[in-house]
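Pasting the structures here.
Shared chain: subunit A. Partners: subunit B in the first complex, subunit C in the second.
And then the complex of A and B:
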């Protein structure tokens, strides 16, 4: 259990999501914890076509960040 | 028939004769168009064992029921033949005004047999077909050829052509259009070259008759609007497929040093943001509002269109981290009419062979000058190493020996496109079972796999590969329309049966479309088996040993490899789901279920069916 009140996560955004939120890499304060979805509040993304990885493992919009994680949020785009 | 023109143009180059075939409507219902028509014709008309570069090979260009209609990204066609690179079925699609013109000229396809003894090109204007002298075009780059031909015939024509690589019978020469649109990776350009056919110029001035033109127009307009509203539309227009460099790097699937690694230290120098800094123009295929052709200025001050596959294979995979130099290699490949993915593989293979002292030439990783020289050695087959690599890495590995086949990155003889699969079993299966050899166009499952988890080898993954093969390799390759609105922007699949209904007047359910796709896959498989006879076996569906034996040495997935036993388990599930036996051969029951019972007798001459 962590006692600190200002927990941080490293967030990496790819593709259009980075453009919408205005950054590609950032360390963010998440207070006591945060759902991934809240990171994307207010921006127009297609939830079905978003990939979320937390510490390299598949996660989703409802996953909860508790501090210390490396989160990557990327669109299902490709050289498809 | 509506939607389809119902006609093929048949051309015999040996006799310089042509005829028009009105085909049966049942063909359209069973095979839809594009790839479906191509394999049906090749199965029915190509004698088994035909030498791919002989006049007897058949080269087909096929459009589908949506080609050239005012619906999203419909300006595509399929080119197919027996492949000189793989000796199996080969095809590819490309976006070109020629696709639209072909249909406006009143044809769904062109079937070309025989060979000319002198260079020729075809000029098609509706009913009129001419064989014109191409002596002065022979030897010209694809860019110059098109320029010359549009000076002669006007700007309002569609042109398909080959470059020197096709003329010189490089086995992965492809067919080109509009400075950078290319298709037919498994040597369709060499087949065209072997027929001494330099180009096809098409002018079509007719309406393509459809069942409900007003409805089609309305749906098309709605569709284009819908695409524009997708959240990543603007960003797609900025970077197109180039955004994938960063994506692949992040996921450790960016091919690096001949697929040894999945991360490249200079990835940020060759990605979408780097491209935006040197971009000068944007263009695309007909009837497309996503126009993903990003044109940049290269290190020699010339213009070239970049996309992900090209940049990864001519960049990270050969250890080159300078985008302007990669652009030079990309442009040369386009001008010479050689496939960028295969030539990138060939150069990477040579660099590794040089490092391992299997070649006397010194070709170091990332050496741009050496890569450029090598590319031209290959195109012009001007020395031993050029001749060796012009036949593909499978052939080169057979000649070099020393287990180099383990790192000759190909399946069925076709070089692998730009996704490293050390830690992506479903994507590896997709490359393994792609019906033309390793290519991403059929089941590009990597994004989905990253989403559900990379570690596992499950039935669910196999089912997903098949689902994607049905949609991408089946439906889109037959329509023929570009799959990118769907896969890149999320333009819903439900649009397509609606477009089809308005175009043809016929209802197609997804069940029916997928059955058509399965029929096509099974017939393509039968074609391979017929060509390979006793040499066919499940090892044909297994990617190279590197991914199984040599772990990644860097990055976040350091130490990962594929597991051969588990891969084989997935392959068995794949066969089972397709109704194929343990050898990967369709069973009698599967053939009957798909309405292919008429090929049983012929297949049984070669192999006992279960």
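And then the complex of A and C:
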């Protein structure tokens, strides 16, 4: 069984989300695991206008991280 | 070589600096190509301008709107005297003056289910110049279905993203963005933002059409003008994507 020390995720934040949280790239210890939205520590984002990628694939704010993942949370923009 | 017979002395001189990159054969491929610019606004205007300058043989402009004053900070093919003119006409006039070797087709129409298949089948590649996700999803679906590269970009303020979709070779738009985000009628945008994204789109289009370089498949490129940073995000095909699954 893996120890909690090894349960880390790499998090990349982009755009205004990075500005609000104060970091762009960070390795975080997630203990026993947590949902993506817990990474945002209560910061309000418009969930319809962001995308969450876990290891390059779409996920959402309720996806559960168990350690070892690469998480990207970014605004998606649609003007042309 | 017969394949090179199509380039005149004038064209060889016009394209000399880029022929030094991908050769006469690459230039001939551009001349033989047809590209659809879906939307001739902030993204589509600079994209069409550079496609014409590069010598893409046929450019199909599709847009349902007329030029408005508030377009002019970014839609650089439309000038003050063009207000009220269909965007496809305004753009086509300038493109023909820039490069008379390029055939420009004007389609003053909305892109919808009834015309998208015909439009996509007639071209080799599609540039995303849309401002709404519904039409982007429609173009993405049909491009995947008929096997045409689709180069997506979206902008807001001083931010933008680009994704190159080559059917069968990587994720499509809906693999990466499963649900369409809400589209905004009016949004803030600095003119340079769609300009920068459009330059990236045309760079990818020229690479795909000439066969030079490596297309940016499987990665989303993110531009942040507020910090002048570019980020590259690796993206993958999604097994349950409703578009790719049919393929």
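We adopt the following convention: the second predicted complex is superposed on the first by the 72 of 80 C-alpha atoms of A that agree within 3 Å, B and C clash if a C-alpha of one lies under 4 Å from a C-alpha of the other, contacts with A are read in each partner's own complex, and residues count from 1 in each chain.
What we mean here is this: a contact is a pair of C-beta atoms (placed from the backbone, for glycine too) under 8 Å apart; a residue touches a chain by one contact, two chains touch by 3 or more.
As the structure is a prediction and not an experimental result, all values here were calculated from the model.
Enquirer: Tell me which partner touches more residues of subunit A in the superposed arrangement, subunit B or subunit C.
Expert: Touched residues of subunit A are more numerous for B.
Enquirer: Is A:49 touching the first partner subunit B, the second partner subunit C, both, or neither of them?
Expert: both
Enquirer: Between subunit B and subunit C, whom does A:14 touch in the aligned arrangement: first, second, both, or neither?
Expert: Both partners.
Enquirer: Taking the superposition on A as described, I'd like to know which of subunit B and subunit C A:22 touches: first, second, both or neither.
Expert: Neither partner.
Enquirer: Counting contacts the way the document defines them, which residues of subunit A are shared by the two interfaces, the one with subunit B and the one with subunit C?
Expert: The answer is residues 12, 14-15, 48-49, 51, 53, 56-58, 72, 74-80 of subunit A.
Enquirer: With touch defined as at the start, can you tell me which subunit A residues reach subunit C in the complex?
Expert: 12, 14-15, 48-49, 51, 53, 55-58, 72, 74-80
Enquirer: Where on subunit A does subunit B make contact in their complex?
Expert: 12, 14-16, 19-20, 44-46, 48-49, 51, 53, 56-58, 72, 74-80
Enquirer: Note which residues of subunit C are touching subunit A in the complex, please.
Expert: Of all residues in subunit C, those touching subunit A are 39, 41-44, 128-133, 136, 153-157, 159-161, 175-179, 181-184, 187, 189, 194, 222, 224, 231, 233-236, 238.
Enquirer: Would you tell me which residues of subunit B are touching subunit A in their complex?
Expert: Going through subunit B, the ones touching subunit A are 230-232, 234-236, 239, 241, 243-244, 246-248, 250, 307-309, 312, 418, 440, 444, 446-448, 450-453, 483-484, 487-488, 490, 556-557.
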